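Two complexes follow with chain A in common, the first pairing it with chain B and the second with chain C.
Entry: the complex of A and B
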């Protein structure tokens, strides 16, 4: 029985996630509608997403709209807390390479949890290609969590590698890298977040820093490279 | 010069103008980050006291910087020199900037002359935290206690600061009390300065 319920939930989640964006039929949100879908399933009613009434369906929300509606805290508390973390890591691990690794790991841990909130609040459904994914990260993701807008540039020919450029980065206020920390990627937590979040939507990526204002560049530039798309595990197809 | 988003480059972080401190990030971004701070420190310790001490250290570093920042921005480069002055600075100014509101209460201990308490019904850092039974009295408020100690210490008021849960009648969750115990020298100086 327990397994059955879990399968139903998996089916529901997978159906929601794989619904084509152009059809825009489902929204991945924890509103009453999802709840009554679940209860309908549990009582044995056939799950038929296509013929559900569409009255409550809304399109993807803009990053600004989401940021305006979520609870917020002062960015300085965030910035200084992050600084305290980096300093603790530098004291504990001593080697900047180890610190870079640990920051990336922490970001990854955040990413795999953050994606749930992102999908629930943004109403973004499956992206048609990696180009759209990158745009959504830059325009919706960064705005909704950090309140800043990023842009996407430098696409390669086959559309699997691009740069996300940040002009404004709340992590680095009040920060200056001392001589002893020149190898440090201070914001490495961000690249981990992106990698972790994308992994949860079946995309293996490699995220590296190309430019960093703390290292004297004029901008922050993150290169996101799509390594492979992991095929979905469940054989559910919503359009059959 | 016309350029997209060209910012003036400063060679030194201290040369940058102080912004007004009105920027915000989402609460979840902070909650995710704070949770990583706690989890990382959990891997570095083998007992609760040590974990609290590490969180307090992290907070101390924040507090020392907050004092600098706010003295420049809010107080025209003046620091408080009197006990009540610095306490109300923490309770009002610091709390307002960091947590968006003044702390719920500031009280003087009834049993000891050197003890003061700042209480908060729902401390920001405890909001998404539930303490497992086997972790006993552990309180993430240790981070905020560290911030308070950082501010006080850097202003010349050394103190021992600890965070405690205090159950409240009719409330499901306990409130958090930050207990401040000032060093002897602080009280002696205060007595010398007189009322």
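Entry: the complex of A and C
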């Protein structure tokens, strides 16, 4: 049962991760190439693949621009689906710590795939240091996938630890934690996503929740701590 | 390896094939050297078995990247050759051309390397490689049945890739 849910989550979330706060249905935006491909597949029509101008060099896109151009789902569907998943995990696993761990693992699996989509759509080049990375996550990443803007605060002295603050979180609409689940980090999937995504760009991090609105605080605060950068090594042992 | 005699005149490049494909072959690697994808459309000469061929290609790119980064006249870093680098950092080469083919290369910061070998008169293929990366994201990364780090076996990806490659000039 648990494995089935993981697949459902991955399929659903990986296919329609962007959400928008409105009552409208899924909308396909026709100026996005991947949306074109998908809608061509669905309708069975032949897509005219005129190649784009080859010599144009495109800079990084802003979160708003990408959010507007990518296909979106109904935000309520997203929130309710996530809620159903957490509820099912609680029923299956019963232990709140286990559920937290499982959510983090699911987020990690999403993050390792999400990073490619993020890099492909946003055209960002390699970030020079961790400060820039955190800014990019907060301004472009969160905006592109969840439709909310986060901010980065609380930098420590050597620039390896910061807090990402979310005022608005689409995952927790309509949610109240009951007394039996007081240790639950409801949005733990987000910490897994960030950890997974950063690991694929060779940064080992530790992501924890400092403040959580469902536990009575006024805001969501995620602490992201860079443990180390892992440079690329030649993978083959000998010169065979 | 073929050696052309002592003549200074290079042989004329082969004409594009009748099958309509403009590319010879394509490789995709991840950061651990696993060959995720290999496809050939027009490859008359094969000198090595597939495993050696993939290893050779990966090793070539790894060394070339390292070399080009160290030879960079504008960079301030004074690292030694062979010191591991973060993917995407420093300068990276994007293509090389010989008298019979052109090899275009793209690496994402997540370590996915895409290599496309085409005929030598092809223009700058950086946009094409970015488009192929987008195809990878749509049909492979978002495919829940695909396990990251394993060879790609997605029919949709193959079909769309073939279709796109046919349209590259």
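By our rule, the second predicted complex is superposed on the first by the 178 of 240 C-alpha atoms of A that agree within 3 Å, B and C clash if a C-alpha of one lies under 4 Å from a C-alpha of the other, contacts with A are read in each partner's own complex, and residues count from 1 in each chain.
As a working rule, a residue touches a chain if its C-beta (ideal position, glycine included) is under 8 Å from a C-beta of that chain, and two chains touch if they have at least 3 such contacts.
If you're wondering where the values come from, they're calculated on a predicted model, not measured in any experiment.
Q: Where does A:117 make contact in the superposed view: on chain B (first), on chain C (second), on both, or on neither?
A: In the superposition, A:117 contacts both chain B and chain C.
Q: Between chain B and chain C, whom does A:106 touch in the aligned arrangement: first, second, both, or neither?
A: Only chain B; A:106 stays clear of chain C.
Q: Does chain B (first) or chain C (second) touch A:153, or do both, or does neither?
A: neither
Q: On the A-aligned overlay, A:125 touches which partner chain: chain B = first, chain C = second, or both, or neither?
A: In the superposition, A:125 contacts chain C only.
Q: For A:231, is the partner it touches chain B (first), chain C (second), both, or none of the two (neither)?
A: A:231 sits against chain C, while chain B stays out of touch.
Q: Counting only touches as set out at the top, which of chain B and chain C does A:69 meet: first, second, both, neither?
A: After superposition on chain A, A:69 lies in contact with neither partner.
Q: Could you look at A:200 and tell me whether it touches chain B, chain C, both or neither (first, second, both, neither)?
A: second
Q: Let me check the overlay on chain A: which residues of chain A are in contact with chain B and also with chain C?
A: On chain A, the residues that contact chain B in one structure and chain C in the other are 113, 117.
Q: Within the complex, which stretch of chain B touches chain A?
A: 5-7, 9, 12-13, 19, 21, 23-30, 32-34, 36-37, 39-41, 44, 54, 57-59, 61-62, 65-66, 69, 97-100, 124
Q: Chain A touches which residues of chain C in the complex?
A: Residue positions touching the partner: 31-33, 55, 58-59, 62, 83-89, 108-112, 123-128, 130-131, 133-138, 141-142, 144, 148, 156, 160, 163-164, 167-169.
Q: Under the touch definition given earlier, write down the residues of chain A that touch chain B in their complex.
A: 67, 70-78, 80-85, 87-89, 92, 102, 106, 109-110, 113-114, 117, 144-147, 167, 170, 173-176, 189, 218-219
Q: Under the definition above, what is the set of chain A residues touching chain C in their complex?
A: Per the touch definition, chain A meets chain C at residues 7, 10-11, 14-15, 33-34, 37-38, 41, 49-57, 112-113, 115-117, 119-121, 123-126, 200-202, 229, 231-236, 240.
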